[in-house]
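Lettered A, B, C and D in written order, each chain numbered from 1.
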Amino acid sequence: MPVTGTEMLITGADLVKAAAFIGAGISMGLGAIGPGVGEGMAAAKACEAIGRNPREAALLTRTMLVGQAVSESTGIYSLVISLLLLFVV
Amino acid sequence: MFEIDPQSLVKMAAYTGGGLAIGFGAIGAALGEGYAAAQADMAISENPKMAGEITRNMLVGQAVAESAGIFALVVAILLLFFNVANPNLANAASLLGAGLCMGLGALGSGIGSGMPAAETCRAVARQPRLSNRLLTVMLIGSAVCQTPAILSMVISLMLIFLNYGDASAIKAAALLGAGLCMGFGGIGSGAGSGHPAGETCKGIARQPGAQSLLTTNMLIGAAVCQTPAIFAMVVSLMLMFVNFGDVPLNPTWAAFMGAALSTGLAAIGSGYGGGMVAGASCEGIARQPRAVGNVTTTMLVGQAVAQTPCIFGLLISFVLMFKMFPETAALSPSMALLSAGICMGFGAIGPGLGNGMTAEGAVRWIARNEEDTGLLMRIMLVGQAVSQSTAIYAMVISLVLIFVI
Amino acid sequence: MNEIGRISQLIVPVGGYTFAFNLDVIVMTWIVIGVLLFFGFMATRHRNIVPGPIQVMGEIIVSQFYVLTRDALGDKLAKTYAPLVCALFMFLLMSNWIGVLPHLFEPTTDLNTPLSLGLMGFVLAHYAGIRAKGFKKYMKAYFEPVFFMMPLNIIGELAKVISISFRLFGNIMGGSIIIMVVSYLTYSVLLPPFLYAFFGFFIGTIQAFVFTMLTIVYIAVQVE
Amino acid sequence: METVKQLQKKYGSMAMFIAIVLALALIMLGYKEMAKGLMLGSIFSVVNFVLMGESLQSRLGNPGRSGTMSFFSLMLARFGLMAVPLVVSIRYDQYHIVATIAGLFMVQAVILTDAAKRMMFSRQL
């Protein structure tokens, strides 16, 4: 039995949509790596700092959260771009 | 549309698979052994009198670390000389998948099992007296690191030798996906479980009395950090053996590939992150053996949370495998499903690693400052939860791609 | 394997729209609420200086969460929010544990439960923020660091609801799917009890705690 | 480098001894192909172990000599050497392939059994 491709009907608009979906997946997928690692580092350093000086725990936690919120913004940009690709394109 | 003679297609897939298997397998072995050899060199320059003893330990460590490479070699040779009775597309896919599975699985284990060998060489230079005990622990550690490679080998041998009796193009996608999933899933766990093994060897040199505590902790930590590899194996087995019934080819092939990529890639971050946590806990116990209870508890909590991204990956995989998709002739629905898998898979790598780092920091400082265990564990959980949020965004995008589009 | 996604629904058409009520989830939620009410009743029935076992459990939970809230919010606000935080934790804990019993399942496997709890936390946090800082200062936070970042800041706030609720949902749902699949693969022998212990009790407790802590943290961030 | 030589002798001879005993037992039971495959695999396993020791000794303890490339090419050469028994046993039916694969891991098995034995039977490990 010879191996053949299946019948597919690919139009220009379909191709654009397919590319947009793949782009959305890659945008969010790769965009999540950086913030994930970065926020993890921030939290690791906060744990270290609290371990050294537990009395400043409240201040350090707040600083950690602010730092994480800032480093998460690139992840949110990826999310926005993905949603734009999914629903606007 | 082009047509290929099925015999040559299968041969092509088998050769490519064999090449990938031995290629990745040799890279893993080379990286692990190269790292160990570099550390051994440093150890010898620190304490030249112990050169013989260090070379001895290095040799035994290398012999065990290389077994992942030998697994890859065996699979590669089998692939090169394997004759298929009635060649078809599904055979070709399963052979290619088998090669990828073994190669990538051996990559992680090769890197991971270099770490205990390296740390043992350094430790022997510092504490020549403990050479024999270190050797034993190193061997146990590096044998534990081989588990993901063994799981990969089991899956790839199943892919090569079992007859699935179904030569459809869907089965081909499922079998290729099974190989990919287990292969990627083994990388993180294999490389990650090198951390606890290495830190245990280092820790025994520092605190010989804590040896049994350290060994137990190493085994627990390594076993838990191999959970993502087992998740990947579950997905692979489902792709291989579950009868999905009469499903349309066009979006379903992409759903299977997406399911495989989702769990497989997600397991990389969680596996490696879990290994970092386990490594830190072994270091901490060596520093302060009395803190063992708190350190082990925190390690388990940290690893459990670090596996969350992988569980998200598994969730997406199961949705992709078991949701029925209507048949379509267009390209975009299948690309949406594939993209959902890629999105979740890559999106889980970073948060998995980040969660591992966070728990690593917390565990390390709980060993140094045991009174504040509760506080540190709380901060660790909040930090991990926040750094997971990008994995959750990826999951949301995946779910949108699956259900809304 | 077809039981994934099987939910009994009550569909009520109201003026052109249809409302679907997930009956199973509603029943499970009421079971959880009933158990908690019974626990609260038992814990406070005979209050003594020398407490009984149930009273001790209640006291530990309440005092622990009071301390947690006080650390994050300060004495004054803690008095307001600690009861809510404590109730949230106990509700989530019971919800995540209940799936261990046969024929029952976790209400948190339905996205609606965590999403509504997340929305509750979100509204509460912003209400607390407006009350503590005043409306003007509250609005000013959206224009940081520059004026045109406002849309992204709003999306960031909304994303918090998504992340907190999907985290709980993903973990509990993923756990129950893994248990189902492994039971299917091993014909329900040997492994499932350990998995129930791990996913039901261990992960369930951690995720309930994480959800509660994040709600406190979101309130604290808005109040600052 | 006395200790390395001793270790190689110890594990190598133990692996060969076990392989011979197992092969004899298999021949007694009538599995001749398995016995031959096991012997073939074990011989190459021991040869690989000896070569590994040689390459390590030339790599380690000579700091300054850039031996990294030669170390890796030696590793690849060893892998190529280990491919020989596999190819032979696939090509010729008189060697059983599974037994050959088992034989290739003989040295590793001996090393790990030795470690496990030490871990179980001594109090201080």
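Here, a contact is a pair of C-beta atoms (placed from the backbone, for glycine too) under 8 Å apart; a residue touches a chain by one contact, two chains touch by 3 or more.
Because the structure is predicted, anything quoted here is derived from the model rather than measured.
Peer 1: Following contacts chain by chain, what is the lowest number of steps it takes to reach chain D starting at chain B?
Peer 2: Steps on the shortest route: 1.
Peer 1: Going by the average position of its CA atoms, which chain sits the greatest distance from chain C?
Peer 2: Taking each chain's C-alpha mean as its centre, the farthest from chain C is D.
Peer 1: Can you check which chain pair, A-C or A-B, has more C-beta pairs in contact?
Peer 2: A-B is joined by more C-beta pairs in contact.
Peer 1: Whole-Å distance, chain C centre to chain D centre, using C-alpha means?
Peer 2: Spacing between the chain centres: roughly 57 Å.
Peer 1: Per the centroid of Cα atoms for each chain, what is the distance between chain A and chain C, given in Å?
Peer 2: That gives a centre separation of 24 Å.
Peer 1: Could you tell me the distance, in whole angstrom, between the mean C-alpha positions of chain A and chain D?
Peer 2: Using C-alpha averages as centres, the distance is 47 Å.
Peer 1: Return the distance between the CA-based centres of chain A and chain B, expressed in whole Å.
Peer 2: Computed value for the inter-centroid distance: 22 Å.
Peer 1: Among the residues of chain D, pick out those that touch two or more other chains and give their numbers.
Peer 2: none
Peer 1: For chain C, give me the residues that contact two or more of the other chains.
Peer 2: Residues 159, 217 of chain C each touch two or more of the other chains.
Peer 1: Provide the list of chain B residues touching at least two other chains, using ranges where the numbers run on.
Peer 2: Counting only residues that touch two or more other chains, chain B contributes 382, 384, 386, 388-389, 393, 396.
Peer 1: Mind giving me all the chain pairs that touch?
Peer 2: The list of touching pairs comes to A-B, A-C, B-C, B-D.
Peer 1: Within their complex, state which residues of chain D touch chain B.
Peer 2: The contact residues of chain D facing chain B are 1-4, 7-8, 11, 49, 52-53, 56-57, 59-61, 63, 68, 71-72, 75-76, 79, 82-83, 86-87, 90-91, 97, 101, 104-105, 107-108, 111-112, 115-116, 118-119, 124-125.
Peer 1: What residues on chain B touch chain C, complex-wise?
Peer 2: 231, 234, 237-238, 242, 300-301, 304-305, 308, 311-312, 314-315, 318, 322, 378, 381-382, 384-386, 388-389, 392-393, 395-396
Peer 1: Which residues of chain B touch chain A in the complex?
Peer 2: Listed in rising order, the residues are 1-6, 9, 88-89, 167, 169, 249-250, 269, 273, 309, 329-332, 334-336, 338-358, 360-362, 364-366, 368-369, 371-372, 375-376, 379-380, 382-384, 386-391, 393-394, 396-398, 400-401, 404-405.
Peer 1: Which residues of chain A touch chain B in their complex?
Peer 2: 1-11, 14-15, 17-19, 21-22, 24-26, 28-48, 50-52, 54, 57, 60-61, 64-65, 68-69, 72, 75-76, 78-79, 82-83, 86
Peer 1: Considering the complex alone, what residue numbers of chain A touch chain C?
Peer 2: 57-58, 61-62, 65, 69, 72-73, 76-77, 79-80
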